[in-house]
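Written below as structure tokens is the structure these notes are about.
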């Protein structure tokens, strides 16, 4: 266990302790490597379980999304959990309908947090970043905004100094810049509303999956499929797994 | 066969699997090298066939476009198919009418997808990028916008550090930037409407060419010309080719 | 004691003495290393004591903030004092409620200065910088602005020349830029109002903690907890510590 | 003869053939080296002849322009033709009237294309680029815009990294940027109208010169002067030269 | 004595002599090293004396400013004179009131020039630069603008190529940029009005100090304090010092 | 004599001859080294004489300008002539009144061209560039705009890569950028009006000086002073000098 308090203490002689340390800690957690032995507090475990259950449930309900393969809240990296999807075919391209589903699944974790706790956490930072990238590409590279039409926006530039880097040069005016923002916003909001609707309509199942995750931590294979299709069981039917991991 | 699922599985220990992997996969497909042995799903094969048939049919109908030479849906690179044109003469320059036709042909693939499936795919990304470049040059380098007149916009800059790169410096104000966007939009939309009209008016022929492509995968030479001029045959007349490739 | 006047004198032959030297001095003080032996003037000691008491008291009153661990006005670095917090758990992520509390604690120092002296000092520069960073991340990375929604704004870029550096590229239009500013402003102002309210409502306790700090310079452990819970004592009960440090 | 079709064929195995190849071809033609042995199609030869005749005739009619020295449609570089002017004196500077004439001569090629064919070609790209540069300098370096007055706009910067490059830094606000665009536009449009008027008023002579060029390909010396001053002859009077070149 | 005319003459063979040389000369004077042996014209000496007297008098009158230590018009560097202040304490930070006084003192030189001569000189360039920096920091780093609140604006970036440099990246929108300008303007104007009021109300003393400076060139210690407190003497009481220096 | 026509001819095999060559030629003339042996055409000689006479006459009439020392139209560099001023004193700084006069003198050349020929030439490019720099510094560095007040605008940055370069970073918003433009414009226009008025009121003397210059090419010393003060003589009184130079 990397003890955050110990790190903070070690810094005592360098500067006043404040938000800076806490902020660095957030960044390290988000970007950090797998931390198998980390113990989550019960509250964090609960939030994580609902977050992953949200991803999985939206993915299961939407027909254009890939099938859900495994859900786990064993801590690794950012969120302390993950949901894995199985691509349904050897895909060469994506349709707009499929990308809309991908976005809704992506925002499902955050949506579950809001629905259950009325709050949201920094744990969705990576989801949000990916959703923004996909929605932006739909508008600026794939011509999927009816308003902006079949054009690309922005010019990629490769800059080869000593390192190597791709920079994006803006090659459009202020009005188009605002329209791109507006179209990206519309796509993300549409996906958010879709995720909202799925989870509100399936709230009992969401709670059931999350509570199962809290108990047994990882669900996959036939058990996972059963969980999606079966009617919501009563709580006492689930045998709690040992917390150690 | 590069199995996408295998790649995804191999990444399991590195990060939570989500949109990021899917997004990378899209990029790899779009920019990737020829993949002869790849098997397309029937659905993707159908979309590809209509996409290529769209390019070819618009090119065949418009008098200012170059003659169509060959159509194929044997998977290579991005789209899993391609249409090749034969330049009609040893050209020193292009007229505005010819470039308008070039743009309509270019958007023909996407237009066919929309017309037949009511959806659009990431497979048109390269077409859209090229259409944007040509339309932009018409406005900013060739003086073909009546509104903006015979001026060039933007200053090319060669930056020779350790690599080599051309950067474009904006040398105009906000109003002109908006006008350039508006003129590029008008040119692309005009080409889109032209492609729409051609395909709507020739929908039966579009379907016939696409279905022929699904059956025999590659069409060229006299058979291609016959397909364009002949009345649309009944489906059963075409002998399906073996799917193996 | 680094005698500022001596430095100013040493510069006599180089340039006219004016604001430049004073300004440099400010910067050196803000960014400078620990200066244990520095003697503060009584006025500065008083301001520092109220500043730290402000941080501590807001942190103690707000339930979502971490527990206060230690307060000191022994001069080190910028402010000549510091307040240390004990993270309540091994945190994997932060909720919006927790970050709101972090911001209010952060602005507590400045708020105390304004409340007591009707003035504010350059000593809060670091607090303000950190508060701005956190509020900005809430809006642009964590999706915590309801108005802007679950999107990220800005593209991080790593530039590897000879050094190493992260640059942030703006990838949004003017309207969104203004909205981000407006949302960051709203979050910071909300935290400011929260800190205001806490300190106005606990002004007697603020004065008591500050005066205790002036007397004994460092408070921690059970004494600190007692100070928070006990009713405000009369001044003469506190035995002043020797000023030497 | 560089066979463009051969190049296109050689690229078959690399990517789907589309607008990209055609676009590259346009660029190569515009920027390419002299191509003496290239054969132009009759249509291109006709367009080129009118383009060069347009330059020459405007130059001959306007008193402030330099005398025309030679006209040729033997293919070299971009346009497949050229018109050469003889500077009338050892010039130290240019007046505004002379620069206005220079611009009209420059746009004479494009204007002839529009007048005769109702279309315009990429062959004028270089003319347009030069006209824009001159008009821009009139406004931003020579103080020749009455509205913007005797000021310069933009700051030249030399950037000496490993290469060497001049960059132009904008040192003015948005309003001035729009005004510069507007003044450059006004100057170019004025020159365009002047070229229009000259060619409309001398259309018969334009046709005569162009047809002579198609026949004998290069005109210079006394024959050229005679062509400008003589009344327009009947077509059959001109002895066609052999097409080989 | 660096004879400016000689430099100008030496340049005769290189370019037409005009404003460029004069402008370079201004820059050299402003940024130049101490020039002890330089002789000022009587007019420049008078302007310099009033400039320094303005700084000193504002500094003496405002209670939040540091005590004035020495005034001199012996030419060194930019202005040909200087005023030195004695920081009243070993300062760890500055309050807003103190910074407001610092700004008024800073603008006192220029204000005296305007009041006495109805003109202003390039000699205040350094004062203005420093005042702008301080006022800007008050708004963007110290949270001292009530309108913009406790936030920082702009992101410092260290760029380590071969040299070393700090760049400031703008991380806010157009509206905030305008508000920052407006707040900086308000702070500077407030200081300007304060300096105006002090000098108008103490005009006789200003003249007395300036005339004393013209006579004896340097004033410090008890004489300086006496000059501030004593009633304004009659001119003939001062014994003029020899002009040589 | 660098024969411009010869250069143009030498380029025949490289590209179509057009505006580009002419434009390069303009640049070379403006920036070029001294060209003593160059012969000017009579028309250019006349324009040059009035240009230099304009500079000199405005400088002579305005009391805040430095005394005129020498006028010559012997070709060197840009304009083929020059006017030299004698700084009246060993100056440490410049007042606003003096800089206003400097600007009017600077624009005197261009103003004379407009007054006499109703046209203007590229020969004033350097004058305009210098006037813009001075006017811009008055606003952005010397605090001489009453509207913008005692602030500096823009941040100088030294960039030390392999070369060395000063870049100016804009640190203000759009409104201020427009106000700076507007104030610079006002200063330049005021100087232009001043030069206009001086030359209109002294038109006979302007003609007399210019005609004397055409005859004897260089005027300095007592003859120059006499020319300024004496009533305008009749033309035949001046003995023409030999044209050879």
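Each chain gets a letter, A, B, C, D, E and F, in the order it is written, and its residues are counted from 1.
By our rule, a contact is a pair of C-beta atoms (placed from the backbone, for glycine too) under 8 Å apart; a residue touches a chain by one contact, two chains touch by 3 or more.
Keep in mind that what you see is a predicted model, and the values were worked out from it rather than measured.
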Using mean CA coordinates as chain centres, what's the gap between subunit C and subunit E in Å? 33
Centre-to-centre distance between subunit C and subunit B (centres being mean Cα positions), rounded to whole Å: 57
State, to the nearest whole Å, the distance from the C-alpha centre of subunit B to the C-alpha centre of subunit E. 65
Residues of subunit E that touch two or more other chains sit at 78-79, 127, 131, 161-162, 174
Using the contact definition from the top, classify how the chains connect: line, ring, star, complete or other. ring
Ring order from subunit E through subunit F is E, F, D, B, A, C
Can you list the subunit D residues touching subunit F in their complex? 34, 55, 76-79, 81-87, 89-97, 99, 102-103, 105-106, 126-127, 130-131, 133-134, 137, 141-144, 148-152, 155, 157-162, 169, 171-176
Footprint of subunit E on subunit C - complex, ascending: 1, 3-5, 8, 12-20, 22-23, 25-26, 29-30, 38-41, 43-44, 47-48, 75, 78-80, 107, 110, 117, 119-125, 127-129, 131-132, 135-136, 161-165, 167-168, 174, 177-181, 184-185, 188-189, 192
